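Heads up, the next two complexes both have subunit A, just with different partners, subunit B and then subunit C.
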Partner chain A sequence: MENSNSPNSRPKKSAASNPLEAVVKFLSSTQLATFLLLALFVLTWFATLEQTVNGLKPMMDKYFNWKELFFFPEIGKPWQKDGAMVPITIRFPMPSGFWLCVLFTINLTLGGLIRFRKSPQKIGILLSHFSIVFLMVAAGVTKFTEKRGALQIYEGKVSDAARDYHAEVIEISELADGKVTKVHLVDWEFLKDLRGGGERMFKLSNLPFDLKVTNLVENAQVSPAQFVPPVKGEKVIDGFHLKALPRAKETEAHMAGVELSVLSKGGENLQELLLGSRSLKPATVSVDGRPYLLQMRKKLWPLPFKVQLDDFRVERDPGTNRAAAYESDVTRLDGVETEEVLIQMNEPMRRRGWTFFQANWGPQDDPNPAEYYSVFEVVHNPADHWPLWSLLISMAGLIGHFVYKLTLFLTKPRKSAVS
Partner chain B sequence: MKARAFLPVLFFGLVTVSCRKPDEVEISETRVLTTLDEEPAVNATSSEQFLPPEVLSQIQASGQSLDGSEAAAGSSAWIYLLPAADWKEADKAPMREVNLTFGDGEQAGEVYLSVSGGGLQPNVDRWYRQFGADTQPIAELGRLEFLGKQGYLVEATGRYEPGMGRPGKDGQALLGAIVEDQGRLVTVKMIGPEADVQARREQFVKFVASLARK
Partner chain C sequence: MRVVVGKIIALVLLVGLLLGLFFKGVEELKPQKNVVSIPEYAPWSEEVIDLAASLPVQEGGRIKPLETRASYAMLQMRGDRRITIEGKGGEKVRVGPTAWMLDIFFRPEIAAELPSFRVDNAEVLKSLGIEFDDRKKRDRYSYAELETHLPTVMQKAGDYQELSSRGADLTPVEEQTLDLATSLQTYFYLTNYFNFVREGIILRAGEGEGKKVSMSTVLATSGQIVDAIRKSQESGGIPPHINELLMQIDQSVMSSKFVFHPLPPTTAEEEKWSSVGELIEATLTGQIADPNQAVRDVQRLEELYDAYREGEKSFAKNLADFRASTMTRAGKDAERSVDTELSFNRVDWFRKALYTFSFGALALLVYLFIHEGAVGKWLRVALWSFTSVGLFLILAGIVHRYMVVLRPPVTNLYETIPYITAGTVLLFLLVELATKNRIALVAAPVVGMAGMVLAAVFQVAAASDSLDPLVAVLRSNFWLTTHVLTVTFGYAAGLGAAVIGFIYIFSRVLGLDGGDKNFRRAITRMTYGIICFTLVLSLIGTVLGGIWANYSWGRFWGWDPKENGALMIVLWTLFILHGRAAGLLREWGVNLAAAFGGVVVTFSWFHVNMLGTGLHSYGFTDGKEAIWYFYGAATFVIVGGMAYSFWESSQQKAKKAAKKNETAKVPANEPA
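Moving on to the complex of A and B:
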């Protein structure tokens, strides 16, 4: 940031006549930094309010959406009976938190690092500025590259795929001799905006048919029409229809469903289907004499190695069903290399950029189940440790600067108290 | 140039609207195969895709099919006594061999008999889960006379979530009876407003005791 140490002694004529320098001066200005910090403060305040109404994940997606430059916040209407959360929209456009952070990073880089007057005495401050820039970059890398999901394994079983908590996909599997040979994906990026009745054609470049999604319900149950009659004119296909379930604040619990048509390459409607993430089995369609499996599910993150759950142990609080501690013995199967690892709370397993945290277990309502399953939160994030490094750099910089100032103070000649 | 001269630029930048997604998308993304792709379930029917096996077996046991027709004759042959004047026969419903209602308006509830497969404990666990309650081991449940045997009595209160997309309801209660008979599980459930169900506990026990096969 530009401050009293910045080179404001440069001739004014130069800044006024050179537009590039004017832009740089603005982007590095203390005024911009102040505006950005205030805006981020207000944004954080609204985000906290909106989180109570819409939940954490939808709030984060909205406030830090890099594809939008502004949005309208929603907060809970105050003084509602029984504390009910009724959202109201604030009709004031708020700038995207993502772009505020980008601007703040540029501002700090220009003003606090590049244009900052450098001297041995300022190394501590420079380090602190650098650590914040590094922290912002870490946040950006996390936002765009992090993979996070849950891996559930029963004792004695092996798995090599974690399920994303939020994103859903439509998978189309090619079959040969009853085995899956290839899986094609329609990503959530192309589906999520179809909520509420939108439709989109998906041209499957390597398959003899296309798909047309005609409706997507974010949290849906495919229900038998005979038991649960449609109430809003939902389309009934083969005795079932897509029933919308209430929106949950914890959107991890949402399981989407779609109505879709299988179309020939010529556009002929071959079959209508319902797919639901809650479904137990995939749908089978036959095109040109070949079978294909279609299913909707949470997006899978394939892992570069397999994990086998050897044993799961849970200790319960005396006299209750509540878990006091739980841990998993796993065997990591990485090619020809195998290794037995204990995963427990606060002691994850790390391997090839993937981290496995002990997150959950089940079945929890059975005190003596025939077999347990363990759930690991699986994370892949290149910037996993960057915040730690950033804080260490910041700490070193600030401690250095304070020690320097303290030394100056202690060594400064003092005037006599009595003149 | 003054720094504030950029503020209008920033403002107009903020009101720029992002691009809309197209109506047609070319899909070429694939993923590597995983252990979850092993042993694919091919040619599953809609029922197998969307209904849990225990629900499917209940449908089959009740002689119903998903299109509403009665699949097997003579599967709902029960004798029973209605224990109060406001207990009434209700329309036939899938998975219910006996279907009754009691009370009127806000105090209305239902009583129904089903025959199904599965184990005692899993069924009892499911009932408790529908009320968000902690399950109880079978050995700790109350007992009652049911088809000439000692059946188990399940009691739960709270918010009732019937599942399969049907809406939940607060302030409900369950009295359930379950017994193994002729290799199947016979269950009777009374569900309704908590105060009414509790007031009709004696009626429920009488009804269950009166049940017999024709």
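Moving on to the complex of A and C:
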């Protein structure tokens, strides 16, 4: 935090003898740290403004896309007299948040930990730097490994899967005697980049056919062409087409749709289909005389145990419809082991790496419904508690250093008072 | 010469700022324009107003004195807490919230003449086809003027409501139409509340005028009425006289069901207080445990109204009895909180703090001229005293608010204002104690005054009860006292650093420092120290918020605007500290960046709540344009400071170069 702390403030040696040393010196420099902090500051500001225009999830996808180095922010035009939200694009290339964070972590590790001049007086700063590196690592672990979904469950019912908020899958079910015998999935990871007319072939080794997905619409409705005619040349299959619905700011409400072809192993087009997450019924396909069900739906995260909602209670502020508190009595069914747990606001249930948070409930417009349902946010995150540890470290470091500097300041004789 | 001109400019700016703040903060002292004449208006006695003010009612999920209920209703409708009218003989009468509410309840004809509704944009009325030739763009209207247009307003508001529920963004005119409709509806229910007494129930056995009886009398026979209805239904239909009776009861229920709940529950298990309409409805439908108590409650309100008709003395006595019996049933806790809130309203700590800081600012103005000798010493004592007393008054107000609702003191945007003001003033006083260079001391009363003005203006603009219960997720005393207090104290420190940064800019640009390098260094050291403090608080507060979010919503970080705002403060302070460490920011740079930190804190503290997105959006939009004026003014000063620093730097370089040239011209063997 002071000149003396900077690796650059060391007595100057001769120019870097080799390029690697020069790179390390640059990557660990306080100048780079300053630039990165400024860039992260601007990025955060734009991220705040852009989500008012495009919604949170699209903003996140755009700002932290590791496949791109730069992007152009889009914000709401300030000071619109009629209060309308008019988006404007800032014609300034912003570096990707993902790469800024990576660079920042490298800079902090090299300059703030490894090359940092260690002394008892600077242990506070060292600890703070370490805690931030740890926090960034936690963020990285969360970004790439976190599983998150919602589990909605009625009183007396049992569930063992949480529904992802965004990711969708194509589900292919094998049928025998009218019953599902086996389920195959095409994951969102392989579908999400097909938005806007992308095409991908899926070779299904365990099935007698392959699939070719030719288009994915992120928020779609399978609509009858007779009543809702296609307006942008959408492909009509069996009198239906995929109608793109307006993009919602809360993209959790989106339900995707795809155009796909069922191909024989020889590549012959057996059938063309439209699948939509909003459709209530799956499509039926018959290949080699065997029936299969195809449908699109939100991805489910299977849980390692079952959860039963025994009771849900809501307490309202007197004379209002506003919930003052709400909580769920659940039973965790884990093989022969059962456990009764109370889940409430700020008091989640943590079991076997999964955490259940009391997120919502319903029906909310009925003051005395016959039965309530409870909604839990279900999260699996290996870095769940890392921020807390990071906080404790940084708190110790910052407070220690601050108290040390304050003591120095207060005990140092002053030169002259200024009136 | 430059110092003198600079001092004059600084003085003009400071006096302008202080006067602007003072008059904005004490709007109620300003005489009202367009005073309405209502010669038949008779002011209520002090005794009646005091007794009515202390009546407990339940509203917004909590029990509060009628005075508070009236105060916020008046703010919502009128944007003000007083109406000045010309009464009998042209005498000026000031109508406060409780008197106004009493007028609406008991003297609806007179109340209808009071200018109770503020319309900020005449376009709102024009869009409804209502035009008044003699009115300004922003003006106040009486219920009598708007009553005939009620159906049109309600219809339009219904249309806008539907548009809004479909997710459409409403224009400000449409939003204001909705607000006006809400105000008119609330007023309608309040002014018709006692119709059940005024109109009673007309019992008709056949043709003719019929006999007027009280609602409580009818309610006492509810069992017979229900029996009669059942029997007549069995025998083929309800006879016309019972039908008419039911229609009258229904009208009374509708006019006395909403917006005013003065009747406590009869059992300790129940928490919800009732309105008259709810009691009547519950009694007639058999959904009440103690119908006799319901009859007695309705009777009590009828007696109250009768007492009003008999005269002030009788009314006062009945109000006192009504209050006593209500409190007995409401219980000790309710009585304690109502009494504490009343005393909080009476003391008006934040208003007193505003006046105290204003005196401090006055002392400051004199101190700028006389800061030496005995007078200067006394003025410093005065500055210390006024600022410390102002700080004490804010802290006392915060504690008093806590005693009313028994929850941590900072839970909503309004409550952050006194807390942050107190935090900044306290920080300045501590800095002054540590440095004794009087920079923080002169800034403290101005900051205190500005904060208290903001609190007053915000309360009027938001017009909602800031003591109402919290949403479910906020009901955690641990997190409210750790995360919220830490992060908002971080805002206070960030604003403190910005103020010192601005002082530096003005001192340099206007030449107030007289070129004193010690002074400049002292300011920069102060700015740097406060920035360090800001970082500690903001970082810990932000991470604590993340951990709370991890317990509540299952994620440490969600890029919510409020979270981002806190992170921006952390990143900005880190930028300043690292920029200084890297040698990229020096004296000017640190102070300019600290001043810009004020913009960042304002964005984080206030602006993110106006974005209408995220989990911390409080829907506060009134006075939105004020924030742009602040941004504009701050940017102007900062950019001006930057330009000046570049100019000054180029001047210094030119001087150095000239000196170097002169030195070079001197022959080596001659003395320079």
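Note that in this section the second predicted complex is superposed on the first by the 339 of 419 C-alpha atoms of A that agree within 3 Å, B and C clash if a C-alpha of one lies under 4 Å from a C-alpha of the other, contacts with A are read in each partner's own complex, and residues count from 1 in each chain.
One rule holds in what follows: a contact is a pair of C-beta atoms (placed from the backbone, for glycine too) under 8 Å apart; a residue touches a chain by one contact, two chains touch by 3 or more.
Model, not experiment: these values are computed from the prediction.
Engineer: Quick one: classify A:Leu69 as touching subunit B (first), subunit C (second), both or neither.
Structural biologist: first
Engineer: Just to be sure I read the superposition right, which of the two partners does A:Ala283 touch: subunit B = first, subunit C = second, or both, or neither?
Structural biologist: After superposition on chain A, A:Ala283 lies in contact with subunit B alone.
Engineer: After superposition on the shared chain, which partner residues are touched by A:Met59: those of subunit B (first), subunit C (second), both, or neither?
Structural biologist: A:Met59 contacts subunit C only, not subunit B.
Engineer: Just subunit B (first), just subunit C (second), both, or neither: which does A:Gln31 touch?
Structural biologist: Touch partners of A:Gln31: subunit B and subunit C.
Engineer: Touching A:Glu155 in the superposition: subunit B (first), subunit C (second), both, neither?
Structural biologist: In the superposition, A:Glu155 contacts neither subunit B nor subunit C.
Engineer: For A:His184, using the defined touch cut-off, is the partner it touches subunit B, subunit C, both, or neither? Pick first, second, both or neither.
Structural biologist: Only subunit B; A:His184 stays clear of subunit C.
Engineer: Examine A:Gln226 and indicate which partner it touches, taking first as subunit B and second as subunit C; both and neither are also allowed.
Structural biologist: first
Engineer: Is there a shared patch on subunit A that both subunit B and subunit C touch, and which residues make it up?
Structural biologist: Shared contact residues on subunit A: 29, 31.
Engineer: Once bound in the complex, which stretches of subunit B touch subunit A?
Structural biologist: 1, 3-6, 13-16, 18-19, 21-38, 40-44, 46-52, 66-68, 94, 121, 125, 128-129, 134-135, 137, 164-166
Engineer: Over in the complex, which subunit A residues touch subunit B? Could you list them?
Structural biologist: Of all residues in subunit A, those touching subunit B are 15-16, 19, 22-23, 25-26, 29, 31-32, 67-70, 93, 95-96, 158-161, 171, 173, 175, 178-187, 190, 193, 199-206, 221-224, 226-228, 237-240, 243, 245, 274, 276, 278-284, 291, 293, 300, 302-303, 306, 321, 365-367.
Engineer: Write out the stretch or stretches of subunit A touching subunit C in their complex.
Structural biologist: For this pair, the touching residues of subunit A are 1-3, 5-6, 8-9, 29-31, 33-34, 37-38, 40-41, 44-45, 47-49, 51-52, 56, 59-60, 78-79, 81-85, 135, 138-139, 142, 148, 249, 317-320, 322-326, 345-348, 355, 357, 359, 377-379, 384, 387-388, 390-391, 394-395, 398-399, 402, 405-406, 409-410, 414-419.
Engineer: Under the stated contact criterion, what part of subunit C meets subunit A in this complex?
Structural biologist: 58-62, 169-172, 175, 261, 271-273, 371-372, 434-439, 469, 471-473, 475-476, 479, 516, 518-519, 522, 529, 532-533, 535-536, 539-540, 543-544, 546-548, 550-559, 561, 564-565, 567-568, 571-572, 574-575, 577-584, 603, 608, 611-614, 625, 628
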